[in-house]
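Okay, got some structures for you below.
Across the two complexes that follow, chain A remains constant while its partner is chain B and subsequently chain C.
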Partner chain A sequence: MKIVLWSTSIKANSQWLIAVSRIQNNMENKAITTDKLTKRFGDFIAVNEISFEVDKGEIFGFLGANGAGKTTAMRMLIGLSKPTAGKASVAGFDVYQQTEKIKKSIGYMSQKFSLYEDLSVQENIDLFGSIYGLQKNILKQKSQQLLSNLKLEDDKNKLVQSLPLGWKQKLAFSIAIIHNPQIVFLDEPTGGVDPITRRQFWDMIYAASANGITIFVTTHYMDEAEYCNRVSIMVDGKIEALDSPNNLKKKFEAKSMDEVFQQLARKAKRADG
Partner chain B sequence: MPTVQLLILPLAATYEMKNISLSVIDNDHSTYAQQLINKFTASGYFKLTDYSASYKEALHQVEKNNADIILQIPANFEKTLIRENKASLSLNVNAINGSTAGLAASYAGIIIKNFNAEIREKILQTPAANMQPVIDITYSNWYNPDLNYKKFMVPGILVMLLSLVGGFLAALNIVSEKEKGTIEQINVTPVKKTTFIISKIIPFWIIGMIIFTVGLIICKLVYNITPVGSYITLYAFAAIYMLAFLGFGLLISTYSDNQRQAMFVAFFFMLIFILLSGEFTPITSMPQWAQVVAKLNPLSYFVAVMRLVMLKGSSFTDVSSYFLTICGFGALFNTWAILNYRKTSG
Partner chain C sequence: MAKSYQLKMKQFKEFVRKEFYHILRDRRSLLLLLAMPIVLMIIFGFAISNEIKNNSLAVYDMAKDQASQKIIEAFKASKYFNISYNIYSEDEIEKMFRQNKAALVIVIPSQFNSNLIATNKAAIQIIADASDPNTATSLINYATSIITEYQSSLNQQANIPYQIQTETRMLYNPELKSAYTFVPGVMGLILMLISAMMTSVAIVREKELGTMEVLLVSPLNPVLIVIAKAIPYFLIGVINVLTIIALSVFAMGLPVEGNFFLLLAESMLFIISCLSLGLLISTMAQSQQVALLISLLVLMLPTMLLSGFIFPVENMPKVLQWISNIVPATWYILMIKAIMLKGLGFASVWKENLVLIGMTIFFLAVSIKRFNIRLD
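And now, the complex of A and B:
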């Protein structure tokens, strides 16, 4: 009897060890993990126990109708908002305790254009570059490369407010990844942008992804969802579907991501807005 | 803009009276009466705006705001004066504005007294015999010998301008980033809160110092006021004061959600700070509660220091307790602002 007992406890122990090492392994391969992450505002549950993982180097599409809770979820991950419950880690750092460490390892481009409109292109690059602690010579080199990629060399002394929207968004994205972050969060980066510029924007996203940056992107354009490696769809604060676009289309017997989205979003009870 | 204010405000905030409108009811029409009226108009303070036949008529002019003061000369003024050696005059002052009324009455009193002395000399040909011993009080006004109100007001107004510019610009700053959304972009960067607040203070601090310099130049060129004390002391105070007041503005900014709210809150405090700064009325003559509020008012310390250093020539050691107090305000406001600025919302 005693021997059996011993053996089971050893077995349990070893299982526990395996579990621990698996978690650590996961942490190393995962850019983002969340476990029942929740955000309440009073009685309203904006984000309801969402659990998902994003692999390193992945382009992860975070979809959902307006008001489904995408932006709130994203704000928790980037350390702008404290979660009510649940766990999450971003770039290996805890979203409760290590928000400032998270901020060093990520880039963010918000829904609202948020570079300084009354500063010039060059000044914005220098400002954010130095906030992220880039050294002068590296910053100079990076900013030249950035300007030539965007073909903005001649306009670098223009005020940002004078640029067309598409250019502004491309500039904002380039600045968001100027410090070579592990993950970049893009909140509806292509809203209101023309199709050609959108295409160019996604080329930039692919280039960043090829450089090893994990992309976490929200969008309302379903053609863009097709470009993602994996996609999650949020409805009323919960993640209703999470898979690669092809698998999702098979599962929902749909021809396009648009149909998948229509099927899921129709179930939403929350008012649009 | 601050320059223009410094040029215009002292003219409006004057405690000196000129052009007091005088209404005369002359029931005597004698030489003496005429002499008295001439003395009034010749003083430069009074302006004869109206001759009325009756008191009622004159009062009507006061009601229409055409006259501030009524001088009533009774019939037989000259005769009574010569015969009985005394006569009465009546002076009615519109006291809606208390300080104006007080000044007008005292100016008029002095003029009548002078007139009295002159007449006596004329009537009594042997003045020495009749002269009673008079105790003559002589005043000597220290630090501002010619009682130039501008010397008194301008340094304080300079403080007010620094506070207005510093307070309002800072109060509107962070909140405008909240409205534009750029604060969000800053909040996702690893920038330290202290660094952020300091970066907000520096540009406004430089603007403040430029205004202060321009203000001192205007003091010299336009008002001919040269500080008796040292410029170094003045600048040391201005530098610390500006830091403190910018901290106050930023504090308002961190609490506000939009620019209108920040503007109203800033305006509310500014009004109280300015009225209780001791610039317009001495703090010592305020009621007890107002004196307590004035103690919590950074403006009152800087106004006091400006006057002490500019007019009295106090040295840095004389005013070091004020310096420490302003340092205290600076530390309090800025620390509070840094603590209240949150990169992560609840």
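And now, the complex of A and C:
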């Protein structure tokens, strides 16, 4: 009796150990994990028990119609909003307890254009560089590299408001990853930009991904969804599909991501908006 | 530890620098902020003056004797009146008012001097246009004081014993200059406008532009964001206080009776409470227009109407007096009047100090609470 009890306790213990090591393993390979993450506003369930994982270095597309809850979900991940229930970790840190550590490990580019228009290119770089705690010499080196990548060396003292929108977006993205974050969150980064600039923008995303930065991107453009390694599609606060674009197209017998999206979004009960 | 502190300082310095760029590059707004006190001082000091100078006066002198001439001389010498017309019949009196030729008519009856000498009593009629009662009252007061003065000069010559004279002294403001009442009021109004309105608009602008979200996602401490935003407006507020004091001392001849540094310190306290009020407004408003509107309705109107700036608090109905007590500017204006005009020290304004500090803490506490709710 006693021995049996002892052995079961060992068993439980080892299971627990395995579970722990699995979590650690996950944390090492996963940039983001969520488990039944939920956000309620009163009776309204904006995000309903979503669970997904994003691998390190992956380009993860987070799709959904307006009002599907993707912005709310993203806000919980970047520490702007406290989840109502569920678990989530970003860059290995808990979204409830370690938001400060998360903030240091991520970059963010908001839906609205998010640089200061009345500051010059260089001043914007210096501002965000020092907000993210870059040392002076590193900042200088990074900013030179950034300017030469964007071919903005001659325009570095121009006010940002004088740049064309496409350039602003590229600059905003470059600044969002100036501190080499583990993950960068892009909230509809290419809104209102012409197709050529969008293509160039995606080249920059690929380059960042090649450097090991995980990309978490929301978008409305279904052609952009094709560029992602994997996409999730949210409908009415739930994740209805999650796979690589090719697998999704096969599963839904669709020619394009747009068709996949149409099939899923048609089921939505929530009003668009 | 020291290193992280250094990094924090650098973060903060860079952020404050950015706030200065915002303000310095918006030349028009900057000019407005710095010129506003000057413009308001000019408007209140010269245009909306309680003193009414150079009024046209018509004289109907039926006596034409020594005494009547003396009185007319006295009116001529006064800065309040210009003798524009001499009239010769009663019918003309009304004509003067109807055609707006005179604001005041004095009628000196015949036999004025002989009556005065024989019976020690003589009457003068002063007629004012009371369609504007405030002006009429002031003009009659001016005229009466000129005549009383003449009368007392006669009495001195006559050397009558047991003469009882009433002597009125206007304490702290002997010449009843309106600058004494409006300078503290303008200071309160300007600081309220610039500190509270401009900070609330500046913070809400970042919300509107979406940059606030980026800052909140960054490792920057939200409290630092707010402090950095407040610093330039604090400085502009101090510059405004100095401008107003300089204008009132050098251009309006209104001395600072009390301690200048106490005056400055109290103004800084008031600026800080206005800044915290601005912060509170920014947590309620989602757009710059809304912030501006709340500032105007909640701050500017009560500051102008209920703080004792234009209307004396004592004359208000009880309900308005209560409201006046929760207007921060009321307490600031009380302090400034005490220090600037009466020359009183800290001992007599500590109560107002406590009230302002209490209000500031309240505004800050509520804003921090609302700020956190907003993040949820």
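Here is the rule we use: the second predicted complex is superposed on the first by the 260 of 273 C-alpha atoms of A that agree within 3 Å, B and C clash if a C-alpha of one lies under 4 Å from a C-alpha of the other, contacts with A are read in each partner's own complex, and residues count from 1 in each chain.
We take it that a contact is a pair of C-beta atoms (placed from the backbone, for glycine too) under 8 Å apart; a residue touches a chain by one contact, two chains touch by 3 or more.
In this text, all values refer to a predicted model and were calculated from it rather than measured experimentally.
Student: Mind checking chain B and chain C on superposed chain A, clash or fit?
Tutor: Aligned on chain A, chain C clashes with chain B.
Student: So, A:Ile138: does it touch chain B (first), chain C (second), both, or neither?
Tutor: neither
Student: Based on the superposed arrangement, let me know which partner A:Gly79 touches: chain B (first), chain C (second), both, or neither?
Tutor: both
Student: Scan A:Tyr108 for contacts with chain B and chain C and give back first, second, both or neither.
Tutor: It touches chain B and chain C both.
Student: So, A:Ile45: does it touch chain B (first), chain C (second), both, or neither?
Tutor: After superposition on chain A, A:Ile45 lies in contact with neither partner.
Student: Would you sort A:Tyr116 into first (chain B), second (chain C), both or neither based on which partner it touches?
Tutor: Both chain B and chain C are touched by A:Tyr116.
Student: With both complexes superposed on chain A, which partner does A:Asp126 reach: first (chain B), second (chain C), both or neither?
Tutor: Once the two structures are laid over each other on A, A:Asp126 reaches chain C alone.
Student: Which of the two, chain B or chain C, is in touch with more residues of chain A?
Tutor: C
Student: For chain A, give the residues common to its interface with chain B and its interface with chain C.
Tutor: Of chain A, residues 78-82, 100, 103-104, 106, 108, 110, 112-117, 128, 131-133 contact chain B in one complex and chain C in the other.
Student: Which residues of chain B touch chain A in the complex?
Tutor: Residues of chain B touching chain A: 180-182, 184-191, 343-346.
Student: Which residues of chain C touch chain A in the complex?
Tutor: Against chain A, the touching part of chain C is residues 7, 10-11, 14-15, 18, 21-22, 25-26, 209-211, 213-220, 375-376.
Student: Taking the touch rule as given, give the residues of chain A at its contact with chain B in the complex, in rising order.
Tutor: Listed in rising order, the residues are 78-82, 99-101, 103-104, 106, 108, 110, 112-117, 128, 131-133.
Student: Can you name the residues of chain A that touch chain C in the complex?
Tutor: 78-82, 100, 103-104, 106, 108-119, 123, 126-128, 130-133, 185
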